[in-house]
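To keep things clear, I will list the structure first and then write my remarks on it.
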Amino acid sequence: MADGELPDNPARPVAVDVAGWPPSLADFAEPARSAVPPEVWDFINGGSGTETTLTANRTALDRVAVLPRVLTGVDRPRTEASLLDRPQAMPVAVAPMAYQRLVHPDGEPALAAAAGAAGVPYVASTLSSTPIEEVAAAGDQVWFQLYWLRDRGMVADLLDRAQAAGCSALMVTVDVPVLGRRLRDVRNGFALPPHVTTANLPGGRDDLAHQGTPGVSAVPSGAVFAPALGWADLEWLRGRTPLPLLVKGVLDPRDAVRAAEIGVDAVVVSNHGGRQLDGAPATATVLPEVVAAVGNGCEVLLDSGVRGGVDVLRALALGAAGVLVGRPMLWALAAGGRAGAEAALALLAAELRDALALTGCADPAEARHLRTMTGS
Amino acid sequence: MADGELPDNPARPVAVDVAGWPPSLADFAEPARSAVPPEVWDFINGGSGTETTLTANRTALDRVAVLPRVLTGVDRPRTEASLLDRPQAMPVAVAPMAYQRLVHPDGEPALAAAAGAAGVPYVASTLSSTPIEEVAAAGDQVWFQLYWLRDRGMVADLLDRAQAAGCSALMVTVDVPVLGRRLRDVRNGFALPPHVTTANLPGGRDDLAHQGTPGVSAVPSGAVFAPALGWADLEWLRGRTPLPLLVKGVLDPRDAVRAAEIGVDAVVVSNHGGRQLDGAPATATVLPEVVAAVGNGCEVLLDSGVRGGVDVLRALALGAAGVLVGRPMLWALAAGGRAGAEAALALLAAELRDALALTGCADPAEARHLRTMTGS
Amino acid sequence: MADGELPDNPARPVAVDVAGWPPSLADFAEPARSAVPPEVWDFINGGSGTETTLTANRTALDRVAVLPRVLTGVDRPRTEASLLDRPQAMPVAVAPMAYQRLVHPDGEPALAAAAGAAGVPYVASTLSSTPIEEVAAAGDQVWFQLYWLRDRGMVADLLDRAQAAGCSALMVTVDVPVLGRRLRDVRNGFALPPHVTTANLPGGRDDLAHQGTPGVSAVPSGAVFAPALGWADLEWLRGRTPLPLLVKGVLDPRDAVRAAEIGVDAVVVSNHGGRQLDGAPATATVLPEVVAAVGNGCEVLLDSGVRGGVDVLRALALGAAGVLVGRPMLWALAAGGRAGAEAALALLAAELRDALALTGCADPAEARHLRTMTGS
Amino acid sequence: MADGELPDNPARPVAVDVAGWPPSLADFAEPARSAVPPEVWDFINGGSGTETTLTANRTALDRVAVLPRVLTGVDRPRTEASLLDRPQAMPVAVAPMAYQRLVHPDGEPALAAAAGAAGVPYVASTLSSTPIEEVAAAGDQVWFQLYWLRDRGMVADLLDRAQAAGCSALMVTVDVPVLGRRLRDVRNGFALPPHVTTANLPGGRDDLAHQGTPGVSAVPSGAVFAPALGWADLEWLRGRTPLPLLVKGVLDPRDAVRAAEIGVDAVVVSNHGGRQLDGAPATATVLPEVVAAVGNGCEVLLDSGVRGGVDVLRALALGAAGVLVGRPMLWALAAGGRAGAEAALALLAAELRDALALTGCADPAEARHLRTMTGS
């Protein structure tokens, strides 16, 4: 510590609230709710079944107490961390989420651009309402999320397009052999509005959305998507692309170990935000076991329920290399387009920096040495 | 997985909602509530005492998290499973429930027919409001549930009638030495309406229902039913019938072991839906211990609180061979007669298929290898 | 089981509801609340501090699940049990409670008479609003509860009066060195009305109640009561009376062991119904440890939170010889005088009989062999 | 116990309610809420983030059950205890809290005087709205709380001023490297009103408060405060002052041990009342581990959530030497100035005395031998 000086304080909170944005990520929910139709709100925020898992994700994170260290001499923590061996502004990526034009006309390009400005990866969904080429052009580090199609030729095509568009990693989602039963959507009779299409797939909305029943027309039909994905398919994929490969939707430690053995670069501990198996465990509950089982085999990320910098800290302290943040980014996009999303990511970075400062950590890597306790 | 094809997707959700039925079993409750008088609603849905056990059944099931497996290569899971060594469309039977004409004029035959159409057993209650002969004729696999009468001759008569009517298994209920204190019924002064009788018993309603006090007149009088059932009686019963024998209402593992030693084919871990001893444990709580204690001695089924396919999955993952589903079937019967009940069973099968798909299981038997965690 | 007979069913529920009484002990609360002034209601039902312990008593009992046994061949369970080596109609005594004329003009004699009619002990409080002689005359088995006075001569006098009046046991309360902070009474400015006096003490209300501040005038002044009670005093008491001696208000197993060593006949695990130390553990939580520590040294009773026959069963299954039931008896007295109290005790016996029947126990002693689980 | 006497009862509750003050510390909240503007209420009572830790502090304390001892022969417990090897009227100090003129015009001197009258230390905040010299003059035992400034010369100046003013101990706060995110203040746009200044710092409010953004202007700017405090700084401080030294804001046992090794006299287990890291553990949860780790190395105090004498007892039983009480003292100051604060401290002493009496302890030191249980 410099003695006798009064420099500008680099550790003071980023004054994102000054610009009129909400003071926490969770506070973006209300303006978002006002900005979108009720059935879109439900589509974004709902879970499957009785939403037991959706609720458990938050309960489990809230129960993770982190023990701060003090007097560590850290001045201004760095939020930078590596994901997939590449430096990031913070150990966070924007989670893959379908049909972002549902919440804002600027859709995926706006959110990708915000992520790029914030220095974090944006994961582009197969079910994007904007073609991957446009999304990749708008962002900086864009990762491509793959839903496996029945037609392996289409899988290869999507891969080739994503790589050609400059995507820098591939994330294959493995927890959607069938769609979870999202009762809000069924009750609302939710269907994609005409201006939102499945832009990455041949025929877009026309081929897919119209064949569904109310409440499921916004999701891929089984006629195109493949439920029977197996380890051999993952091995094929591993051999097919030179890109870093992440597997999203792993909860059982044995599956995480097997994925690492196949050579994936990271597994994402995820229950799809409580949208697939209602009754799956909270991700914060299983994370420590997955981390222990995988060891140095690959990176472990956490997904589902992250709502702020303290949650990132919790995940790090439980052993994750980083997190995906999903719904709050849609809230921010809905509330303010690209500017809203940039504000939300700046806020998340500021929250993470504060959380690191308050636990005496110089950077996210140090947070893995913090002790955690479960319960109050 | 076939490469390059776009076949119909066999794993897409059954579109039962299209037909105007509720999208989950729990959602049949509201139309049922509208369809029956309030005191009938309470009679069906209430528990004993302060309903501690009734509530605990759901709490315990909700706390069972199941860890999905991924990338198992399963395309369309089979829901078929065997109960009592006989193949069933799913590991589910319709629980025995009294006086089904209370909720719909078509009563037991309608529900038995729906179960038959769905390929699952229907358990006909001793306290049926339709004679067992008519119920058995309406259904396909009809099992007979036996309340033990003081008059062993009457027990033998009932047995003979059930066998003659074609019932394919016998389920003896052992948790009703006296009736639980169902305070809703007492407060409501609930009594069977004139059109509902105890059709299987000599004299029907006239002999029984009129002698009771308000609130207990809908249940068998101790003058006829035997509280002092013992293991010797069960041995007598085992020797008296060639039918597969199930014992319903077991919670202590020692009793399950003894039942298996006597040669019963299955025990049903049940607290009578929270209607008998208020203060009994939730069935999901004791199930694993019972399964471990019984080993291969007999099958173990679970009852009390099942409200959907995820609950079936939970029971299987905890070691049960299958479940009985009760109240939701009465809701469905009340809401739509046989058609409603068929819709509910189709929905349950679809939910189970999805739950198996989402956990990577090819069939119910594989679900027993899933890991479970208790808590959030 | 007799074969072929249809005798009257001895196990059918006692039809107390027929007579217009509530169907559960808890249901006596509402008529009681209507029958007494709000500040009396609060005085009876309140706890100390933030009522943490008051609430915990119920929570802990509700979490005790008891595993029924089945097929035990029990016809009609006996509720009879011994307390202090003397036979009782059930393992229950009416807890000592002050100033019963607050809730009904007939006061202590009415409740003592009801207990006598029901065949259970009535514990007469030192702070009775009726002299012990009248109470003892009204009841059958009347035990005397002793608050230790600073003046040992007065203690000896009370003892002599109680013995002369025919009291058959002595219960010394040891958890009131000072009065718990009962904030409801303070907020209500509660004071004894003129017609209610401390009838057992010289001068009655005139000497005591007028010297207090609002909210504490209903309780004994420290000027008369002794806070500094010690083990030597208990030894003195043990030597002073030939009556069976109970110590009420023990929570730490070490104190229970010491009391047994001094020769007391029973300890009552009690937190004074949550009215003394707010922050004391629930009695159901500590009971098993006390039972294990005491062994055969003396009987162990449970107090605080008992609201029905299932709670008696829980206490027995946790190892208690019996329970004291308090507030519900005041509710019943308030709601219906002696007749109400008799109805409540008959209901409690019926509830206990049903709970024993539903767990396959022939009598209360067998309930000690039931397994319990904590949690849902 | 004296036989045959009727002396004044020294153990009867202090009749603080007689004077019109609330009957519990928690009850000072409502008059305080009425006495201050809503944004000041929020500033005082809020926590950071979603207030998880704020809530957990109370939940954890409420779950600590203390097992009373009986028949210990204690007449009137002493509340006196030593803190920092000096005798105190009770094992309590008034916690350091900023800007006390926000809640009452008499501010810090009034609260310091009340603490002095009650015989307990008052900890004067660096962020006092009254200069330390005036505060020290108003109180008796005044301890000085130090926020570390970037300018070590200013630290030395503050130290010298505090010592010259007669402060008798130094408490350095180590859990504010940055300010927690107190969303209530941000939402309220809270700023210090003109009459409240940072009286201990050069330039007072003019230099500091106006530079902030809404919601953070009431707290020190990072331009002046030092985030990068390290163990070397603590060693420097230990060598710089002969006063007893306390370190406030320790949660990890390893940090407590290290502080003890450096020679601090006490650590305060604190999460800053839930105002710094939201997600930090409740202090009652980590206290036992800290006590065990530190052994005889230094004293351990507890802070955050204390609301009455039972909480002091809980902390003692968990091994603390004493507690700091914060918000309730601001409530009392707001509600009644110095007189209110004196009433609150008298009440706290009376509550502690009662809690000791009810657990059979002669003094606070004996409470460390009580058993505790967690849960109901």
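Letters A, B, C and D mark the chains in the order given here, with residues in each chain numbered from 1 onward.
Rule of thumb we're sticking to: a residue touches a chain if its C-beta (ideal position, glycine included) is under 8 Å from a C-beta of that chain, and two chains touch if they have at least 3 such contacts.
Only a predicted model underlies this, so the values are computations on that prediction, with no experimental measurement involved.
Asker: State which chains count as neighbours of chain B and simultaneously of chain C.
Answerer: Joint contacts: the list comes back empty.
Asker: If more than half of the interface residue numbers appear on both sides, call it same; otherwise different. Which is it for chain A and chain D?
Answerer: Different: when the shared numbers are divided by all numbers used, the fraction is under half.
Asker: Working from the CA atoms, figure out how many degrees chain C turns to land on chain D, in steps of 5.
Answerer: That pair's rotation angle lands at 90 degrees.
Asker: In angstrom, rounded to a whole number, how far apart do the mean CA points of chain A and chain D lie?
Answerer: 41
Asker: Suppose each chain is reduced to the average of its Cα coordinates; what separation in Å results between chain A and chain C?
Answerer: Whole-Å distance between the two chain centres: 58.
Asker: Residues of chain A that contact two or more other chains, please.
Answerer: Expected reply: no residues.
Asker: Would you tell me which residues of chain D are touching chain C in their complex?
Answerer: The contact residues of chain D facing chain C are 1-13, 15, 17-18, 23-24, 26-27, 62, 64-76, 308, 310, 313-314, 351, 353-355, 357-360, 371, 373, 375-376.
Asker: Which residues of chain A touch chain B in their complex?
Answerer: Touch list, chain A to chain B: 49-50, 52-53, 56, 59-60, 63, 150-153, 174-175, 177-181, 183, 186-187, 213-216, 221-234, 247, 249-252, 254-255, 258, 276-282, 285-286.
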